[in-house]
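Listed next: structures, encoded as structure tokens.
Two complexes follow with chain A in common, the first pairing it with chain B and the second with chain C.
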Partner chain A sequence: MATNSAGVEYEAVSEPYVETENSVDNRKDVSDRLLKIHNVTSNRFWQFAALTGLMFALGIIGFILKVASGFDDKDVWGYYVAVFAFLMTTTAAAPMVAIAPRIANAHWRRPISRAAELWTVAGCLNLVLYIPLIWLLPSLENGRRSLWFYGQQASKDQFWTGFESVPAYSPHIWATLAIVSLVVLGLALVWLSCLPDFAVLRDQGTGWRQKWGRRLSLGWIGTTRQWNWQYHRMGIVSAFYFMMLIFVHFFISVEFLMVHVPGWIDSLYPITHAHNALQAGVATMMLTIFCLRQFGGYKDYIGLDQFWGLGKLLLALSLLWFWFWFSSFNLFWYAKKPSELSLLELLISGPYKIMFIAEFLLVFIIPWFSMIWNPVRRSVWGPAVIAVSVLLGTLLDRIRLYVASWDAASRDFVSMLEMEMHEVPEKIVTPAIADIFLIVGFIGGSIFIFMLASRLIPVMNIWEQKEFLLYKAEAQYHRAKVLVLGKPR
Partner chain B sequence: MQEHTQLSQKQINDELLRDILTVPKWWLPAVVGLGILVATGLGAFSYMVYHGVGVTGLNRPVFWGFFIANFVFWIGISHAGIMISAILRLTQAEWRRPVTRAAEVMTVFSLIAALHTPLFHVGRPWRVLYWIFPYDFDRGIWPNIRSPFVWDPSAVGTYLIASSLFVFVCLLPDIAILRDRAKGLFVKRIYAFLCLGFRGTPRQWRLQTVAGILLSALVLPVFVSVHSIVSWDFAVLIGVEGWHSTIFAPYFIIGAIHSGVSAVAMLMALAVWLYKLDNYIKPDHFDAIARLLIVVATTWFFFFFLEWVYALYTLDSPEIALRELQAFQWPYGPLFAIFVILSFVIPVPIWLFKRFRRSAKIMFWTTILVNIGMWLERFLIIIPGLVRRTHMTFDWGTYHPSLVEILIVVETFAFVALGMLLFAKVLPLIPLFDVKEGMVFRHLIKVGRKTVPASIREGLPHHYYEKKH
Partner chain C sequence: MAKKSVLGLYTEEDSAADALDNLRDAGFEEGEYELLTGTPYPEGTFGEAEPEHHLFRWPLIGAACGFTGGLIITAGTQMAYPLITGGKPILSIPPMAIIMYEGTMLGAIIFTIIGIIFESRLPRLFMGAYSEKITEGHIGVTVTTEEGRTGVAEEALKKAGAEGDIIRGWE
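Presenting the complex of A and B:
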């Protein structure tokens, strides 16, 4: 009998207890099966890697052509910046699919978390792509608007005049630091997450994989102390990665985009840019796990639960896309300020109208009105097709915004501090052959790097799969068998 | 939840219905005290109707004062219900179970409190009929549907209806238990009428569950639209510096969630103290809500930072002059400092410590601080923007709230507290069926030498069980 706080006695009730499948044999079976898949590289894999490698080579040719044209004309570099922003939006955001559900203790992330983290390796390419942008970003001495308020002195007695001491190259310094930090944090996250799996490679692998595992596992033997250390470090690095991702999008959206269009003052846009990244990151992962399931041999591990989980996220993010977009659009359209109307003309109703409509359909209408149906979310093909739609739409979005802005910047550069564009470009900037090479090449390059990384690092998280055995059990509930999941923390 | 007390269904019924079927000693004095405050507020309102809005501190150029700041505050609090109930329900967060009902009910009462103030603000509340009917039938002059002041009542009204429906659907199984346990014939009949014949058949449970999930999902866009529209009351204007900012809609919503969830944490502490519900609301629940609050508060602070950065980014001297007024000049400067300290600087570092997060007392006081800060935030958004001196000297002025305004604002707080107390007297403030479901789902799993809490996973695709993944 148990007594409650009012002193009344009640019959004590015990909690039901269930057994897990966490036997040594089961755990070994998971390692063996996943290592077996990891160790085999099919011909199809190499064929596709060769194709993406070829695309990458085209990207490098495009880049050389671009550099040959010089850094003076801003509009020439619009597509380059757009593809850089697209990669920052997709590959740099994909790890959030591992980070966020891990923090929320969602077990469905286990088979896909490593693939999500592995995209941070492709972030090294983003870092390389960023280097020429340092020369393209105009100094604050040129009188452009900036987050750093350089050289603006309306009145000496105003409280913010201290900002005048900010160096003219502040945007260059802070954006570089942020992007380098993001890449370093991403690589640290992959390494921390891989430590136990490197130890598995060391103990069970052969040849170069064993040597690679020995070097990188740093004497991991799985003591309680090591597990606690890894868990806490992963938590810290994940939190910093997320914060840095938001900051990077904040910098990119302001210093590489908004400052180029006089009158574009939109306090919501950094959030919108970061949100686009989360949406595209989820879409990237949907497509990645589709490929891993269909062609990578992971059919037994990547199930409907993963597509369903990501599908729900994409549904919510698509609705948020509309809300963020409408929150800005509504204010601009309703208030009818001349500067904001010319911005709408540049980005929505003017030369880029068709691109905007296509993007609206691909990023909002199609995902929202299809993913709202459970049968679509709970399928394998549905989310994959919708992911392609979202990624295409995001690419169009980046082209529309960056190409249009850099085109406007080239015309209006001297009057950056003015509150309105003097001249809204009448025509779209059509891509040159070098631009097409850049777009195809660097998207292919990212995939190529991801594929190579997947040969070095198991693309399926072995230790998280084994950990799942600790927390997963089946129980009888009346006439049905149900899944019982442990929530350890 | 790591901490848990497995209870029998009988014990849950007995404990959670105890204060409905009997009267606690403190209940009547509390109701009378709050009733006096409500009556005083209504008296002040009657005085204002008789003498006109001149008895308030509103004057050119500040036509929006305490009433509108209070309106925005209560709309913010109303976001707690859907945040806690709908979002945590959809994400299957187990810790939500004992706190959903209180959050939903607070949503309904705070929406009614929010509607009070703009009605009072217009001076002659019967004129709100013009929001629905034409000014003049003969000439067919209808209200301008392009005005945010027409969107506002539509959105808030829709939210009130949806929230009330949500509360009612979630109450059905609990009202059925009350019907079966109530003693008086008249009371029994009322409960029998309200529970719509709920007997707990599999079909009724299925319908009730599906309705709850559907309402959770459908009310979410309404939840987002309400505060977005409230923010657009300000942001679509270009005439007042500091208001025309695209971030206003999400900034208002995240601020609303910050104050709303804080209010729920405060209610949880009160429920533990007043109703002795410590078998249901554990330190773990406070820990969970505090962690949610850390995320929400930090996000809110980032939005606040962006709002300020972009105000300075404009390099527009009137905008910068407004920011100086808000942050550095008397009397708004000290209020601004208090607002930032109370809503972020004090509570968030405290919540970083697990020991404090698990304490009902600390959570109670820190969340009260948050709500004082968030009330000031609304005040500082509205008043300094209007009070700022412009080139037109006849538009110079200042604003001091009158006693009438203060009494009416106090009345809204008393109204919500009174509403919650009356509700808790006739219906359970903790959902019995939800808590029982949590008990049924609860299992234990042995991991090494530790025993780990586990729960039945709901809503997986049916073929998940046919194939092993």
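Presenting the complex of A and C:
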């Protein structure tokens, strides 16, 4: 042990363990190369941005048409709620691809973590989509089964005598708070992650990007204290984002889905909904990094490591999809309560049967049977194609469940506590032109917002790439050269 | 007395660590000098003291406040309107847990955001001596001290092999 002049003891090393690539020139090279890619906006980018922008415009038209049609007919809103749920399942969950591997100190996430965080910006669109749902969601007065003890209070003579029960709009209040919190946390996460890179834009950038960097870096100079805070801040905000994401899915799946189908009682389904989000979030990121690699100029940074890492996650989550689905299905199938048989008729074997079979193939069978093969998993194209399959299947899943559920919400049942077989809707609600605009428009709109955000914020985390130089070294191991990776902290 | 800051730039980690040793030998206290890097080095790389922070207190305090709020709302409502549901006690944890969880989360999140803004001391209005070379990859050692002692600080920074001229700025 040795002691420095401050009296702090440290382990003296006579020779460095391995030579890393960490030098001033290499650090500068990382900044320069990534800024060069960030500063170039190709024609192909603008063409695709124009296409998604056009889709977004259609989505806005669909949004206006839908809001103008009023909130009385609940069944016509099924596709709208499905789009909202789909975006919460994909774009809102994509940041988990940055959060989970960062907590596990996995180096493969470095080139893709910023892109994952950037999807939180598209979360603002989810918030806009959510606003009409506050008016759409019926109050607890319609007598449906809910989480809340509405209208069951026996006494109103003690204190708070002004109320006869919990507010009839309790679901609206708590769901709004949860969704707003998720969006705020997402924006905080991406801003915190970007602080050091905004300083790079301030110092090395030019024109409007430099001004943008100066404003948002808030005087970041990279002191030891600032880096230490950065580590802790991001850890805390990331953990909260994860917790809030699960909670928001719990609320969406209960308040906007299950409670509208009399007799749908399944304590496992909220976490199934959250699991679907993790699976679709990984698929979203797989497709994102494929596009960044093939068309964004990041071929040197995004390699097989990233596809392997995400591929393993997607395989595990696809297997879990079956586990969650089968656990719920098995219970209903064995229990055979009349209301549960009606539920199975509505969601699986009735009007939505074809949609369910397609979804089953796309979300479970195809990922499972393809990702078990190494040549597919260890490729660039394979995981990307499977990601498309998972996303399509997830969209079908959301349409099947939410459209059926809001169709049920528009009907008068003999009992609001259970649905009889003859009350099960016989046909799928046909999408109107506004619904098609909404589906195409808001998916396109999310991509459009992501693309615009990628022009303002470096889509690859510059400081994490430079940090990687500290922990990466090539060493001779007997007669082979191996890559030695260190773990920070 | 007005404070002034000086900055020495280094290309090697060992030189920056030597600069810190020289500053300590010259009588500068922790807090008078800082390391500036464009990369988060592992703590203690330069022999610097581990920075302290109190960020963890904010979510804990917020969570406690939120949990208390959630408890008061749920327990208060149920005591005001006692209703035995499913033979369970009036104050049953499972139905209360949802609001208490959300209350805890909201409190923790709000306090954390406030804590981050407060603890980070952002925005930093006066950057003092600074060089754009920091974000290029150089390692900076900056000393913020009384104007009369800047000469001693510059000497200590140069002795460790600072690259180019010492940069000066006002704090």
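The criterion applied here is as follows: the second predicted complex is superposed on the first by the 450 of 489 C-alpha atoms of A that agree within 3 Å, B and C clash if a C-alpha of one lies under 4 Å from a C-alpha of the other, contacts with A are read in each partner's own complex, and residues count from 1 in each chain.
Rule of thumb we're sticking to: a contact is a pair of C-beta atoms (placed from the backbone, for glycine too) under 8 Å apart; a residue touches a chain by one contact, two chains touch by 3 or more.
None of these values were measured; they are calculated from a predicted model.
Engineer: Is A:147 contacted by the first partner chain B, the second partner chain C, both or neither?
Structural biologist: Both chain B and chain C are touched by A:147.
Engineer: So in the superposed three-chain picture, is A:268 touching just chain B, just chain C, both, or none of them (first/second/both/neither)?
Structural biologist: After superposition on chain A, A:268 lies in contact with chain B alone.
Engineer: Between chain B (first) and chain C (second), which, if any, makes contact with A:488: first, second, both or neither?
Structural biologist: both
Engineer: Going by the contact rule set out at the top, does A:301 touch chain B (first), chain C (second), both, or neither?
Structural biologist: first
Engineer: Which partner chains sit in contact with A:427 here, chain B, chain C, both or neither? Use first/second/both/neither.
Structural biologist: A:427: touches no partner chain.
Engineer: First (chain B), second (chain C), both or neither: which does A:478 touch?
Structural biologist: After superposing on A, A:478 lies clear of both chain B and chain C.
Engineer: Regarding the shared-chain residue A:319, is it in contact with chain B (first), chain C (second), both, or neither?
Structural biologist: first
Engineer: Based on the superposed arrangement, let me know which partner A:470 touches: chain B (first), chain C (second), both, or neither?
Structural biologist: In the superposed model, A:470 contacts both chain B and chain C.
Engineer: Could you look at A:328 and tell me whether it touches chain B, chain C, both or neither (first, second, both, neither)?
Structural biologist: First partner only.
Engineer: Considering only the contact definition stated at the top, list the common interface residues of chain A for chain B and chain C.
Structural biologist: 4-6, 8, 10, 22, 147, 149, 152, 154-155, 158-160, 470, 488
Engineer: Sort out for me which residues of chain C touch chain A in the complex.
Structural biologist: 11, 17, 20-21, 24-25, 30, 34-44, 47-51, 53, 55-56, 59, 76-83, 85, 95, 98-99, 101-102, 105-106, 108-109, 112-113, 116, 119-120, 122-125, 127, 130, 132, 134-138, 140
Engineer: Where on chain A is chain C touching in the complex?
Structural biologist: The touching residues are 4-6, 8, 10, 22-28, 31, 147, 149, 152-156, 158-160, 163, 165-166, 174, 177-178, 181, 184-185, 188, 192, 196, 199-200, 202-204, 218-233, 236-237, 240, 243-244, 247, 463, 466-467, 469-470, 488-489.
Engineer: State the interface residues of chain A toward chain B in the complex, per the touch definition above.
Structural biologist: 4-6, 8, 10-11, 13-20, 22, 104, 145, 147, 149, 152, 154-155, 158-160, 246, 250, 265-271, 300-305, 308, 319, 323-324, 327-328, 330-332, 334-335, 337, 378, 417, 419, 470-471, 473, 475, 477, 481-488
Engineer: Which residues, counting only chain B, touch chain A once they are in their complex?
Structural biologist: Contacts found on chain B: 4, 6-8, 10-11, 14-15, 18, 91, 94, 221, 224, 228, 232, 235-238, 244-250, 276, 278-279, 302-303, 306-307, 309-317, 320-321, 324, 327-328, 439, 442-447, 452-457, 460-461, 463-465, 467-469.
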